[in-house]
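What follows is a set of notes on a single structure, which appears directly below.
Chains here go by letter, A, B, C and D, matching the order in which they are written, and residues are numbered from 1 within each.
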Amino acid sequence: MDLSHTAEQLALRESAARFLRDRYSFETRRRIEASAEGFDAEIWRAFADLGWLALPFPADDGGLDGGAIDLALLMETFGAALVMEPYVSSVVLCGGLIAAAGSGGQRAELIAEILAGRLVLAFAHHEPAARHEYGRVGTSAVRMGNGWRLDGQKSIVLDAPMADRFLVTAQVGEDGGTAALGLFLVAKQAPGMNVTEYRIVDGRRAGSIVLDGVIVGAEAKLGGGQDRAETIAAVTDRAVVALAADTIGAMQVLLDKTIAHTKTRVQFGQPLAANQVLKHRMVNMAVRIEEARSIAMKAAIRADDGSGAAVRGQAVSAAKVKVAAAARFVAEQAVQLHGAMGVTDELDIGAYFRRIMAFEASYGTPAWHLKRYAALRDV
Amino acid sequence: MDLSFSLAETAFQTEVRDFIAAHLTADIKRAWALTSAFLAEPDVAGPWHRALATQGWVAPLWPRENGGPGWTPAQHYIFETECALAGAPPLAPLGIRMVGPVLIGFGSAAQKAHYLPRILSGEDYWCQGYSEPGAGSDLASLSTRAVHDGDDYLVNGSKIWTTHAHHANRMFALVRTGQGERKQEGISFLLIDMTAPGISVRPIRTMGGDHDVNQVFFNDVRVPVANLVGEEGKGWSYGKYLLEFERGAGIAAARMRVSLNRLRAIALGAAGDPLLAARFSEIEIDIDTVEMTELRIMASLQAGQNPGPVASMLWLRTTEVKQAVTRLGVDVLGADALPSEPMRPFHRLNRHAVMDEDALPVIPLHLNGRAETIFGGTSEVQREIIGKLMLGL
Amino acid sequence: MDLSHTAEQLALRESAARFLRDRYSFETRRRIEASAEGFDAEIWRAFADLGWLALPFPADDGGLDGGAIDLALLMETFGAALVMEPYVSSVVLCGGLIAAAGSGGQRAELIAEILAGRLVLAFAHHEPAARHEYGRVGTSAVRMGNGWRLDGQKSIVLDAPMADRFLVTAQVGEDGGTAALGLFLVAKQAPGMNVTEYRIVDGRRAGSIVLDGVIVGAEAKLGGGQDRAETIAAVTDRAVVALAADTIGAMQVLLDKTIAHTKTRVQFGQPLAANQVLKHRMVNMAVRIEEARSIAMKAAIRADDGSGAAVRGQAVSAAKVKVAAAARFVAEQAVQLHGAMGVTDELDIGAYFRRIMAFEASYGTPAWHLKRYAALRDV
Amino acid sequence: MDLSFSLAETAFQTEVRDFIAAHLTADIKRAWALTSAFLAEPDVAGPWHRALATQGWVAPLWPRENGGPGWTPAQHYIFETECALAGAPPLAPLGIRMVGPVLIGFGSAAQKAHYLPRILSGEDYWCQGYSEPGAGSDLASLSTRAVHDGDDYLVNGSKIWTTHAHHANRMFALVRTGQGERKQEGISFLLIDMTAPGISVRPIRTMGGDHDVNQVFFNDVRVPVANLVGEEGKGWSYGKYLLEFERGAGIAAARMRVSLNRLRAIALGAAGDPLLAARFSEIEIDIDTVEMTELRIMASLQAGQNPGPVASMLWLRTTEVKQAVTRLGVDVLGADALPSEPMRPFHRLNRHAVMDEDALPVIPLHLNGRAETIFGGTSEVQREIIGKLMLGL
């Protein structure tokens, strides 16, 4: 058993934190958020240059063979800096799915583009009709000659506006056999693709897609004919691990800022932190963060160690439930202890609060993960 | 004991309902249902204010001689509840519930004659200059100064969290006119014309993306000494009176019930989830409890008694339950909590929104709702007060 | 609308509190708890002499026409003094059912005995198989000649050991028609009655009954042939109202004792109450008690005012849920703030804690009442 | 990072399992499963203690030269976890985990030679004389006095919350031997023979009806000066060392999991209720979290590092999660939470109980469990300490 970070891992975190401190101040971030694009192409190229876009890919695909722990360390710094860029969508999810399910040709063609920062992908999986049931797919893929015809609706496709192409999940009905979940690469501009773009609560961007008889070639389908449900679950679990780390980064900043604020802000003749009630509240925040660190670490280890789908899924769902609850508490208390200023957009406190809300609502709500945890228990 | 209204009260209830049916338009109701800010915009609440003004129903708590309707506490409760259930926007409290009672209690005859009718008619729109940057809940450490200069005060400083300062033509403010041993001394209560030179207003956007609060700057602003309310240096006691007045007026259960039922309508389908259903019931019971506490207070006012410390507790719980309602919105929407519409106010949106119209204000209400336990005194300060008053702690 | 107590009501509470202060000290109560009988016959006679046993009965039956509010005031003093005697079982529940469903003859015969304190009854309703579903009755009553044959099992029949007779609920199968819930008076000693007696968590007594072909006469059945489900619900709701008041009495004592303790107990050089965290905790206790008072008052009013079964049931279930949660919090914090001594049987704190647990578990758990509240909402 | 044990560790795990399978009898397991008290009775834990003694596995944390097994932190974790999962009673910590380490650290050679083997063999059974009536969490304000009288101390005073004082033949105690400026000064660490004249033990029954704690009275009790540990007046530092030692030994997740699974078995049927099922999952996730935190601490000990302040947080959360587990028992039983069996310990009950055997300890465990956040330092005091250590508050 080894639960320590390697020197390389610590160096990665340190250099990432330094880069973001220098190049990604809250004012920069505010500017990116206000921009039409919602992300910064120059920063994205810097991510590529730093090797971050290559981090989780296998060395065979040109990557750095980074595991979920490495990913988590990087993402923790992203959460602390409220990074807007489409890292999870393009690299962790779509890149991860291509690496896991793509044919040799697809991997060769696509991953090099992704890790160079030239290709941005978004994962079109969630559907409006699914609502509280994460991952229930109704979109259909029907064979048309050599290719496929896709019909359905996708919603809350995160980072859709900056994506060049989408990785679309669909039920593949092969010659009357049982349906299998398949993955299809679809260009944003393909005929029949109707994309509506919008902001999400934390200022990042997303989109909804109506696929109305979209025709794609045979090569658009990732890999062979197997059901991709388990691959999708495994890669999505990695994304949840990454976002849990992002959230931990955000929580830690909130606690640090709250401690600093309450130590300096004087009310009724003494610093706020002299109030025992506030002091114990901050202790509870610290305890929740430490708990989040524990369960997120377990999820990161299980995401990679081949313990099997049920063990991995339970660990990841436990992390989602626990980190989301901790983050909700920490965010609410950070706002409360910052007083009126905490409820505004003047400080970054509100931005962290909204980032944490986005974590809660994405890739399965805590309620959904709680049920999944129980269901996997009985596997 | 009984929970029923008298025949006369029931007749009044019918009168209120009839009035609402006749005057509350669908447009106003829709605009208020779509409001995620703390207050309705003047263009939403204004027409409703004017309709109530023709009926003499603007200021339920004012004495009849000042233009109040002369209602009993029960009539007041019925009126507020019916308005809430019908989806009417609450009128801005700044004039009616805040400066009005102070003027009635401590204003000169001239001040009353001038200002009170203009509050009732809606001609004046007031904002409140209490909080200052850096003072927070510790109101008494304010530092905006008013210095005598001929027949005027010269006012310098800044106020913050000034709700609707960008709409208001009047402000009532606490300013420092002298130095006392206790920091509560030397504070005066001034009425300020918002159009006076030297005043500037900086908008502050809340977490939910709305603009109701502001920072107001005073740079050598001239305020006639005639605009001093009561005695110079006694402003703290008038201001405190107002705060208590504000806190006592707790009729919130009906509005919370409307909010919960809106979420229930949105949840349809998802409410089949037993955990979500349980949360709805738990919060509904919390609302039932707040409502019954409100009725206890109303009944003791009706009986001419002082409701006592239960009123402070009600304030604390009301703010917490309001937050529980708005927080439930996050769970109701699930993944649909993510999309966000930046345009405000929502009722002026003239294009297709990114989500169903009824879902538009859900998340902004949750985000802005974090202010419930902060604005008007943090819950922590409330607990200090209750501990002192009730438990002798 | 009138939410004030009458002078008579306040006098009742004052005299009850005075009587119990004088005659029902914690030491007396401890002695009664330790006794084989688990109640004090002399005290019970005093209750009769004071008119308390007559309180809720109609004047026509020799009672004092007391309503649920009067009952609640009396019960609040019972909770404060941790009264052991079978008031709710015999007077509120069985007495209430006889008054509501009994024939003229049954009322004339039984109520006079109950209010004189000469007859103690217990309500045999809950069944082991029902467990979390309060009020699901499987016990059957089958016509045998002129009378009835009863078969089934009852558990947690509160105050069974001191009861002379039981009021047993059973499904009455009349000549193949649909079953209706009926009420039967059965003597403890009747052939086929197997009663096991035991203590419950707060020191009071209860029993389980196996009815094995118990034969009773026609006169044992309360009233005519109607279904008594709604009568039972209405009377049980009154018992819940009474016990909610009992619990409020207990909570208030816990808060008063906690305040007194923390003001006098010195730790680390200052009274415990000087700790802001403990001060705010006590404020929260006070707030929860005040909330409990509100919702219990509503339930008491609705128990009597004829607003209909759904309105009454919702108000009572809301009170059960809210009062039980408040009481759990208050009891846990009272123990916590009393420190180690609070966890023992040396102080009465533990006895109040256990009384509150008994409230939670009896006549439908909070979880059951929460579901009932939701179900009645849709009526 | 990885969560797997090494081959050697896995082999050790098998060895432990084999030993348990061979020596842990069904009677012991049943008796412990039915225990609602804080500690197993000596007649339950004793045979298991003696079996472990033959194996040299009684005192996992003692150095090998004092009779410890010389385990790594991982082996210690594996051992405790396997024992817990198998349903073995934990050995009383008073000798092994409390006075033992103090003697090893600060005792004289003669004290070590005399006492340590008797702890390992189980010949001596220890109790702890720290808390006093009126002192509570403020341990340093103790007033039991030890005064020199020839070669003895004369001890007078009283100790409280003395776990298993009625079983113990030895007590280690903090007593006041002098007066210092700070109240922590002038405290000494004494070893007392519980059979000495002048000692009397009064049982204290806990809320759950069990008898593990007592009050102990000292009336001119003679304690040889040779029984002083370390230097006179330095007892506070030894006692504090012990408290930290006690707190650091956090291996509780496996036992909590066993407790939760017992409730799950009892809930069968009722667990179909979605709200109850959700509570089970939530608490199970809390246990997963405690477990992972334990492993983090274990792994850093294994790497020769100081786990840091996370250990204090673990203690806080462990006690809270334990209470969540026992509280869930109330919800699982529903109405069946009411019947109560006064006889203790349950495993000696030789008649038909008022409920299923597995349900017997559920409510007593909940009631006694309220002590989790009090004994060993209240949660409030823990938060003060964490605030100081971690946040600089």
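Operating definition for what follows: contacts are C-beta pairs under 8 Å (C-beta built on N, C-alpha and C of every residue); 3 or more make two chains touch, one makes a residue touch a chain.
The structure displayed is predicted, hence computed values, not measured ones.
Student: Which chain is most remote from chain A in terms of Cα centres?
Tutor: C
Student: Does B-C or A-C have more contacting C-beta pairs?
Tutor: Per the contact counts, B-C leads.
Student: For chain B and chain D, let me know how many angstrom lie between their CA-based centres, rounded off.
Tutor: That gives a centre separation of 55 Å.
Student: Where the CA atoms of chain A average out and where those of chain D average out, how many Å apart are those spots?
Tutor: 43
Student: Please work out the Cα centroid separation of chain A and chain C, and write it as a whole number of Å.
Tutor: Once rounded, the distance between the two centres reads 54 Å.
Student: Taking each residue of chain B in turn, which ones touch at least two of the other chains?
Tutor: Where chain B meets two or more other chains at a single residue, that happens at 275, 278, 380, 383.
Student: For chain C, give me the residues that contact two or more of the other chains.
Tutor: Residues 275-277, 280.
Student: Please name which positions on chain B make contact with chain D in the complex.
Tutor: Residue positions touching the partner: 274-275, 278.
Student: If we count contacts the way the header does, which residues on chain C are in touch with chain A in the complex?
Tutor: Against chain A, chain C makes touches at 275-277, 280.
Student: Enumerate the contact residues on chain C facing chain D in the complex.
Tutor: Where chain C meets chain D, its residues are 126, 128, 130-132, 134, 155-156, 196, 198-201, 206, 208, 265, 267-268, 275, 277-278, 332, 335-336, 339-340, 342-346, 350, 353-354, 357-358, 360-362, 365, 367-368.
Student: Name, in rising order, each residue of chain C that touches chain B in their complex.
Tutor: Checking each residue of chain C against chain B gives 1-5, 69, 259, 263, 273, 276, 279-280, 282-284, 286-287, 290-291, 294-295, 297-298, 300-302, 305, 315, 318, 321-322, 370, 373-374, 377.
Student: For the complex, which residues does chain B have touching chain A?
Tutor: On the chain B side, the touching residues are 131, 136-138, 160-161, 204-207, 209, 213, 269-270, 273, 275-276, 330-331, 333-342, 354, 363, 367-368, 370-371, 373-375, 378-380, 383.
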